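Note that the chains take the letters A, B, C and D in the order they are written out, and that residue 1 is the start of every chain.
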Amino acid sequence: MRLQDVRIVSREQRAEGLFALSLDAREIARMTRPGQFLNIRIDHETSPLLRRPFSVSRVEGDTLEILFNVVGRGTEILAGKRVGDELNILGPLGVPFRVEGEYDLAVIVAGGLGVAPFPLLTGALRKGRKKVQSFLGARTAAHLTEKYLVNVHVATDDGSLGFRGTVVQLLEEFWNTEKPAKAKIFGCGPTRMMKALSDFAGSKDIECELSLEGEMACGIGICQGCPVERASGEKKYSLVCVEGPTFNSRDVILG
Amino acid sequence: MKTAFSIRNVEFKNRVLVASGTFGYGDEVKELVDVAGLGGIVTKSLSWKPRDGNPPRRIAETPSGMLNSIGLANVGVHAFIEKKLPYLRTLDTTIVVNIAASSFDEYCDVLRLLDEQEGIDAFEINVSCPNVKEGGLSFGADCSKTAEMTARLRALTEKPLIIKLTPNVTHVSEFAKAVEDSGADAISLINTLIGMAVDIKTRKPKLSTVTGGLSGPAIRPIALAKVYEAAQVVDIPVIGIGGISSAEDAIEFLLVGASAVQVGTANFIDPTTGVQVAQGIEAYCRQSGLKDAGELVGALDANVEFSVLQSWL
Amino acid sequence: MKTAFSIRNVEFKNRVLVASGTFGYGDEVKELVDVAGLGGIVTKSLSWKPRDGNPPRRIAETPSGMLNSIGLANVGVHAFIEKKLPYLRTLDTTIVVNIAASSFDEYCDVLRLLDEQEGIDAFEINVSCPNVKEGGLSFGADCSKTAEMTARLRALTEKPLIIKLTPNVTHVSEFAKAVEDSGADAISLINTLIGMAVDIKTRKPKLSTVTGGLSGPAIRPIALAKVYEAAQVVDIPVIGIGGISSAEDAIEFLLVGASAVQVGTANFIDPTTGVQVAQGIEAYCRQSGLKDAGELVGALDANVEFSVLQSWL
Amino acid sequence: MRLQDVRIVSREQRAEGLFALSLDAREIARMTRPGQFLNIRIDHETSPLLRRPFSVSRVEGDTLEILFNVVGRGTEILAGKRVGDELNILGPLGVPFRVEGEYDLAVIVAGGLGVAPFPLLTGALRKGRKKVQSFLGARTAAHLTEKYLVNVHVATDDGSLGFRGTVVQLLEEFWNTEKPAKAKIFGCGPTRMMKALSDFAGSKDIECELSLEGEMACGIGICQGCPVERASGEKKYSLVCVEGPTFNSRDVILG
C-alpha cells in the first residue's frame, strides 16, 4: 500500500460518459493484483472532500489504467483532468480476485462500469491457462466498451447491440445451451445485478466471486463506513474495503 | 523547541493526536504512517460487548464534510485487550483508549477492566452515545449525568481521565465546568454535530439511521467557537477537535485555548495528516521564535468582553 | 402544477423565498433578478432606530461556508417605511418583513408601526439577537422568553407571524412547540450557527466580534436535521433555511417536512439562485408527475422510531 | 450590471506570482469605467465559496483584462485556468474614478497589485487631456509591471529598481522638487499605504481619490459585509462595494 502523487500520461473517452486515464505509478503498478482498487483524491479542495475508489483496469509496465463513468461531481472533475495533471492516489487496496483454483473456464460477468476490473483479470486468467468467456451488460451499445476483453457476449437493455435484456439472463441462456463444467464466475456491477448473479450461481451451485461497490470514506479499514452483511459467522458485517471488494457470493447477503 | 505537554502525570510528545474512530486501532495504517510522529493515538470507542454497528449506508459526503452513522462498531473490550492492545503497546506514542457504553455500569466495567491493563496511558470518555436506560437520549446532553459519570469514573482510575463533550448543547461551557468540578483531568471537544442528508431520488435518508454525525472542515468554525467558549471557563487542559486538516487549522485551536488537538476525518483523506500537522506546528513555532509550543495556547489577541454574547447577524 | 402555498391568510406563489439579510431590501438587485419568480422576499432585520452594525472585519470565508458579523446593520423602521417600502410595494411577490430588536418593547413598537403600513404581507421575527436588558443573551436561547414574545406579538397583528428560530440550542423542537402553542402561524429555521475563525498571522479573530454566524452549504446537513426535528412536533408550516443553493437542496428540506424554504448565502454567489431553485422544484414535480409541490412536504420515506435518538458514531 | 459566463481568451504572467487574464465579455466591457471591478466565481465547487473581486485593468474592444496576484487558494486556482476555460463574472461593479475635474496633472500612485486599475484609468485620463505621472511601489523589481502605464517612477522596498523605500516617500520627493499645481492623486494599494497617501494628500491639501480593497461577499450591497468608516455624516460606515471602491480620501477613515 502506497500513498503517492502520480501523473496522468493518457486520457481517452471509451464510450458515452466513460473515460480511461493512465497513471504513471511505478511502485503501485508493480504491487497491484486483479480486483484491487485505488482511492483517488480528486483535487485539493475540501469539496469534494473524500477520495473516490476506482478499480485498477489495466497495468502496463509502470502505468495503471482506471476506467470510469461520470456519475457525479467527483467523476466529472476527474473527467476534466488533462494529460500532465497530477493525482494523489492510495493503493493498491483490497483483496484481489482468487485466480488459482480447480476450474477450467472463467466466466466474466460485468454490468455497466462493472467491466472496469476485468481487462486486468483477463490477462491473469490467461497466464493461468484458463479459458475465458466474457458477458457484458449495458444500457445501450453507446455505453459499452469491450476493449481488452476476450470472447465477449453482449446484452443491452434496449437491444441496440447483442441480446436484449439483462446480462444475467444472457448468461443463463449460455449455461443452458453450453452446460459448462468446472467453471467459475467473476462478477462486477450494480448491486441489483450482483444479487441476480449470486442467486443464479447459488441455484446452479457454481463458484462465484463478486467485486462489490459502495460508498467508502477511507478505503483502508479505519472508518468502518463500508459494511456488507455476512451470510454466516458471529460478525454481522464485513468491510468492503479491506475484506473485499471481492467476495465469494456465498459469504455475503446483498441488500 | 519544546513540543511535549502533559495531562496529569502522562506526557504526550507533541500536541497532535488522532481522533477516536478515525484511526482504527493503529494497526490498519502501519504501512503508511510512522505514528512516532504523533502526540498520541485515541482508539475507536470501546464497549463491553462487541458491537456490529449500524446497517449500511453509514456514510454520506456533504459540502466540505461527511455524515457518519457507524453505530460505534467495535471489537469489544475483551477482543481489544487480546488482539489490539499488544500491537498498540509496541508503538512509540501515547495510547488513549476511548470508551463508549450504554449505561453507567457498563462505562465503569469497561474502565475498570482496562485500568488493569499494561500499555494504556489515558482514557477518553465518549458521552455522546445513547443511554439505553434513558430511552436513547445521550448522557452527553444532560449536564448533571455527565458530571455524575465523571465522578464515578474518576474514583476508578489514577490515569488521566479525558471527558469528550458533545457540541449538540446550548452552552458547552456548563458541561466543561461541571466535568472539571467532578474531577476530569481534561476535556476534549467537539464530537460530531447532528446532521442529515436525503437522497431525493429514493426520498430516503442517505443514512440508515436517518440522522448522523457531521464532521470535517465544514464544522471547524463551530468547533473553534465551542473550544473557545469551553476554554474560557476551565483550568484543565482542553483538547480541540473538529475539521482540522493542516497545521494552520490546529494553530487556530491552540490560540483560542486548546492545549492540544485531535485530527479526525482528515485521516480518511490522508492518514499521515496528524504527523504533518505536528511537524507544521513545530515549524511555525520555530519561525515565530517560540521556545515551547505551549506559548501558543490561549495566545489569541482578542478582547473577551466583546465575545460570544455579541450579536453577529 | 400547483406551486403556491399559504400561511394563515396569505398566499405565496411558490415555496422559495429569499432569506433575511441576504437580499437587502430588494432594490439592490433589480438589474439582475426578476423577483416575480420568487415566492417571497424577507427583508433585512429591522430595528426601531437605524443600526450602524459592527466594525470591520464583518465576514470571513470558511470551508463551504462563511462567517458573518454584520451586527444587524439596518436603516431603521422609519427610513424603511419612507425609502424602502414604496419600492417593495411595486414588486410582484410576497413581502415578509423581518424584525430584530433588543427588548420586548422594541419588538412590539416596531411591529405595531409596521402593521399599519400598506404592502407588508407577513412578519418574521428574528429572536437570535442579543437582548440588551438580559445582558446580551439572545431571547432565542430561552424557550419561555421566546414563547412569551410570540404571544405578545401575536396579540398585535392579524398578519402571518413567523418566528425564526436559532439552531444554537439543544432541542430546537421544544422551541418550535412553544411558539406554536403561543400563536405563531409558522416557524422558520435555521438562523446561523455560532462560529469563529482566527488569523494565525496576527493571532486575532478574523471577525471584529470574535464569534460570528456560520452559513452556507457547510451547515446544510445540520439545518436539515433541525428542520426535521422541528417538523416532527408542530402542525404549523415550517420554513427550512440553511445552505440551500439548488433545487435538489431545497427538495431535501421539503421532504423532511418543510412547507417552504429560504435561500440565503447562495444569493451572494448568484442573486438569481432563488428563482432558479423555484423553477427547479417545479421541473422536479412535473417529472415526478405531481399535481402540487405540497405533495413533497414531509414525504420522506423513513421509519421515525429509528431517528434523532439514534447513536451515530 | 450583468451576470455572465465568459471565456478566457488570453493568459499571461506579468511578474512574479502576477498574472493577467483577458476575458471575452462584450456587454460588460462596454459598460465598464475606470476603477470599477468584477466579482468572479472561481469555480463551481462550494469551496472556495465566495466570488473574488478584481479591478478591471484594461478594456480592449470586447475584452476585459484583470491583473492579479496569487495570495491564496482562489487566486491560485484562477492562475491555473487556461485559455478557453469559462468564468462566471458579475460586473461592472462599484463607483468609477472621477476623471473629469479642474486639474491638469493626474498623479497615479500604486502599491503592489494596486497597479491593476490604472492602465484603464490612464487611457481615460489621456482622452481627457490630462497630464499623467505614475508612481509604482513594489517589494522588488521582480514583482513589478509597468505595462500600459506612462511616465513611470518606481520605488522598491529592497532598492532592486528605482528609489529604495515606499512609493509615498518617492511621491513626497517628487512633490518637493516639482511642486506641481492643479494636481489630483489617484491611489490604490495596501491599506497601510493608502493611509500614508491619504495623510500626505491631506497635509498638502491635494485632491485625492483612493480605490480600497477589503473582504467582500456579494459585491452588490446585499450582505453589508464591506464597511469602511466614514469621516463625517450621520451614517458611521459606507459600503466599499457600492459606495466605493473609489472614495475621496477626505471621506473615509482608514483603520
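In the analysis below, a contact is a pair of C-beta atoms (placed from the backbone, for glycine too) under 8 Å apart; a residue touches a chain by one contact, two chains touch by 3 or more.
Just so it is clear, the model here is predicted, and its values are computed rather than measured.
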By label, the chains that touch chain A as well as chain B are C, D
Taking the mean of the C-alpha atoms as each chain's centre, how many Å separate chain A from chain D? 54
Calculate how many whole Å lie between the centre of chain A and the centre of chain C, each centre taken as the average of the chain's C-alpha atoms. 46
List the centre-to-centre spacing of chain C and chain D in whole Å, with centres computed as mean CA coordinates. 36
Set of chain C residues in contact with two or more other chains: 21, 63-65, 68, 70, 216-218
Chain D residues counted as touching two or more neighbouring chains: 46-48
Specify the contact topology among the chains shown, as one of line, ring, star, complete or other. complete
Over in the complex, which chain C residues touch chain A? Could you list them? 63-64, 217
Within their complex, chain A touches chain C through residues 46-47
Would you tell me which residues of chain B are touching chain C in their complex? 21, 45, 54, 62-65, 67-72, 100, 126, 128-130, 135-138, 141, 168-170, 191-198, 200, 202-205, 207-214, 216-222, 224-225, 228, 243, 248, 251-252, 255-256, 284, 299-302, 304, 306-313
Under the touch definition given earlier, write down the residues of chain D that touch chain A in their complex. 45-48, 73
Hey, which residues of chain C end up touching chain D in the complex? 21-24, 28-29, 31-32, 44, 52-53, 55-61, 63-66, 68, 70, 73, 216-218, 245, 265, 267-272
